[in-house]
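Dropping the structures in below, format is structure tokens.
Here chain A shows up in two complexes: once beside chain B, once beside chain C.
Right, the complex of A and B next:
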């Protein structure tokens, strides 16, 4: 499925007009962000109410650095390290109270709100409410060779390759013994501990991986939009990503990825027509889905697939 | 306490408000011994297991595993040292297969990076898991979801999860609860084989089972260790008969 998706994205890259490639790349970036949230919530049962913190952090560090003509090869690891260290600190404080995700969720929420406020207040550094504008696309230089990604087409391919790479890593992780430990953590933390696992370490690792991916997604986005603004840290984005996970189907990775993409694409296309009612429509869709399909789109797909398989077996 | 014991407690105390659940328990189990803990409901048997494994912090006293004071160690560290337990209601992971449950337990000593590397277990690991599942009388259905098993089968899976970690001492909380007479007999046979590899402490109500497996019996009542001895000694103790066993015929 992943290879099929990759081929589809690559074909689109050759035929679609540039403005559409920017839209699609944006949608893919949010898809990866949603998949990372699913990795945390759907597999390990850790609900992060402030995941936009790392998304915003990645966007701001990348935006600031690129405007200052910093080398992207240095910028990307720097932003990742900052995000991971912050996630480990928040994780250590938030997860210390065993089996209480509430502390972690609330701390994440409070800190992301704090960062949003800081982004507005520290005008000299962050550009205040306007944010960091006119962020250029990166030029990677290695061994005297320049890879200029300022063309939307090239940048689209870059986003696709990085995003699919991240998605593959997530998919692989959930299918390893580590993935099984995450499912066990979600189901019964005490049992996992009495088996000899260290739940705090497992949770902090999940949080660090999620933070790194969210940060990378923020870094990818800022070069398309050309702007890092305070609401990238906002509660709105943190909540949206959880809604994408719920709509897509928790514990599937691909469901939230696709739903986030569809909603982002439809937002770009429909919000100009239904400017005032778009959010309301999405809210209604969410409510209806929770009632009729609590397992999300992935759950519906799975049921249909099982039904078809059963019918085929009965017929044969 | 250096008396050759594999697990011992020294004056273990715990109370919840005014309720004393462990009133200074001195307990010790020798290597390869099978000990049964009996006592009426509310005597503090499961709580005693929780104190031994660190799930509930103690107020005072010591827990010693092979001459090492483990009182301040976390539950997972105690497990890493060979103190393994099962629960009264089987605690397994229902969404995983039987094989995955035991595999997860087998891999508990691995670092997080090692866990991230393995997509499919190697054949020697699979052999080890199959062998362990056979020990608990479980040779079929290893690739079905553990949640769909019967109560007795779930208990066996949890036992396999414990045994695969090669404990020095295995604490089993009511291993035969909810099992048929035949299953109870099979579990007794299993314990009689396992005792060659480890010490075993069980909390138990079924006196027939106790008779089949126990080297020694400990009687708990209201958080106190009130008697320790063989089944014969217990049978002849009128105090125990009257207060702790009531009408139960041993």
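Right, the complex of A and C next:
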């Protein structure tokens, strides 16, 4: 399925017009972001209400660095390191209360809000509420060899390759021993402890991985939109990510990825026509979906499919 | 900006208001383990309904009371239509569903009143002289009202039959069910009273704050911070948490900008949680 998706993306890359490629690349980036949140919540059971923190951090660092024409080869690792260090500090404070979901999530929520305000008020560094505008696309220079990604098509392929790479790593990761330890963590923390794992360390590792991916997604996004603005840190984005995870079905990685892509694409197409009521409708649909389909859209699809199959068997 | 008796009065008013909002949240969180992301929007709804009622020519104090009832009604509808079905499915879905409800409330208000702010006239315009400083009387009345409300809830929880039912269900739901308590009704009652408290707080702060559709977010984050920094052991620990959050924030506001004081409060909360992970005022 993953290879099929990859081939589809590559074919689209050759035929679609450039503005559409930017839209699609944006959708793929948010898809990866959703998959990272699913890795954290669906597998390890860690609910992070502040995942946009790292997304925004990546976007802002990348935007600031590219405008200062820094080398992306230095910029990307430094942004990753900043995000990981921050995630470890927050993780250490938030995970100390054993088996308390809400603690960590709410600390993340508060810190995201703090960073959003910080991004608005530190005018000189972040451009205030306008954000960092006109961010150029990156040029990777490697020992005199320049890889210029300023054309949308090339950048699209770059996004696809990086995103699919991340997705593949996540997919492999959940099927290793570590991935199984995560599922054990979600079910019973004490049992995991008896098997010789240190729950706090496992949680902090997961959080660091999620933070790194989120910040990488932010870095990818800022070059397409060309702007890093305060609400990238916002609670709204953090919650949207969780909504994608819930709708896509937890613990599947691909479900949230696809849902995030669909919703992002539809948002960019529909929200201009129904400007005022779009958010209202999404909110309503969402509340209904949570009640009707707690296992996500694909979960309910599966149920319907099974039901049809069963009736067919009964008829024959 | 110097630090005088005026700042102290501002601090205690802020603490009082935040404590009322948070106690409402504490009842919902402690009783049903529901992370109610729509709690801040209930505050917003309270403020907007007081705007509507006073525009209709109703006396402010009566309007505040009506607003509390109205928000309680909205809370009841939300509990019966949405939250009720989600107790079994766990944290994420209740949280996301209440967030969705919050979005719906915000957008509805935005469609009705428009995105710009509204305001309500201060019902008591006189000034009171306290130790040589002229201070608006309404803020003092607000603080006293908050104290009265908090004391009232404390007594309801500790001394009455209804409070006993709530506390029993909070401690052990299955046991309470086994004893013949209808926990469903207790949950409904808890959600309604939590919402009513948020609505009342929103109505009371309406004259001294900017009323906008997105004002709820500020309150919901602050009150969650209160709950985690103070601890969820009892109502008193949430009031203690309000002292930490609102107290420090208003205190630092006297010296620096709003953003810096908020960041300072966050750092204080993180240090506090580093030392006492279960909350500053918890028993463990």
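Keep this in mind: the second predicted complex is superposed on the first by the 299 of 316 C-alpha atoms of A that agree within 3 Å, B and C clash if a C-alpha of one lies under 4 Å from a C-alpha of the other, contacts with A are read in each partner's own complex, and residues count from 1 in each chain.
The criterion applied here is as follows: a residue touches a chain if its C-beta (ideal position, glycine included) is under 8 Å from a C-beta of that chain, and two chains touch if they have at least 3 such contacts.
Predicted model, so just to flag it, every value in this text is computed and none were measured.
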Original post:
Does chain B (first) or chain C (second) touch A:109, or do both, or does neither?
Top reply: second
Subject >> chain A residues touched - chain C or chain B, whichever exceeds >> reply: C
**OP:** Using the touch definition from the top, say if A:205 reaches chain B (first), chain C (second), both or neither.
**Re:** first
**OP:** Name the contact category of A:150: first (chain B only), second (chain C only), both, or neither.
**Re:** neither
Subject >> First (chain B), second (chain C), both or neither touched by A:287 >> reply: second
Subject >> Which superposed partner A:129 touches (first chain B, second chain C, both, neither) >> reply: neither
**OP:** Based on the superposed arrangement, let me know which partner A:41 touches: chain B (first), chain C (second), both, or neither?
**Re:** second
Original post:
Once the shared chain is lined up, is A:246 touching chain B (first), chain C (second), both, or neither of them?
Top reply: second
Subject >> Contact footprint of chain C on chain A as seen in their complex >> reply: 41, 47, 89, 92-94, 96-97, 101-103, 105-107, 109-111, 113-114, 117-118, 120-121, 235, 239, 242-243, 246, 250, 276-277, 279-280, 282-284, 286-287, 290-291, 294
Subject >> In the complex, chain C residues that touch chain A >> reply: 29, 35, 37, 82, 85-86, 89, 91-93, 95-97, 99-104, 107-108, 110-111, 217, 221, 224-225, 227-228, 257-260, 262-263, 266, 269-270, 273-274, 277-278
Subject >> Contact footprint of chain A on chain B as seen in their complex >> reply: 53, 55, 74-76, 79-80, 84-85, 87, 91-96, 100, 103-105, 107-110, 112, 114-119, 121, 161, 165
**OP:** Spell out the part of chain A that touches chain B in their complex, as residue ranges.
**Re:** 172-173, 175-178, 180-181, 183-184, 187-188, 190-191, 193-199, 201-202, 205
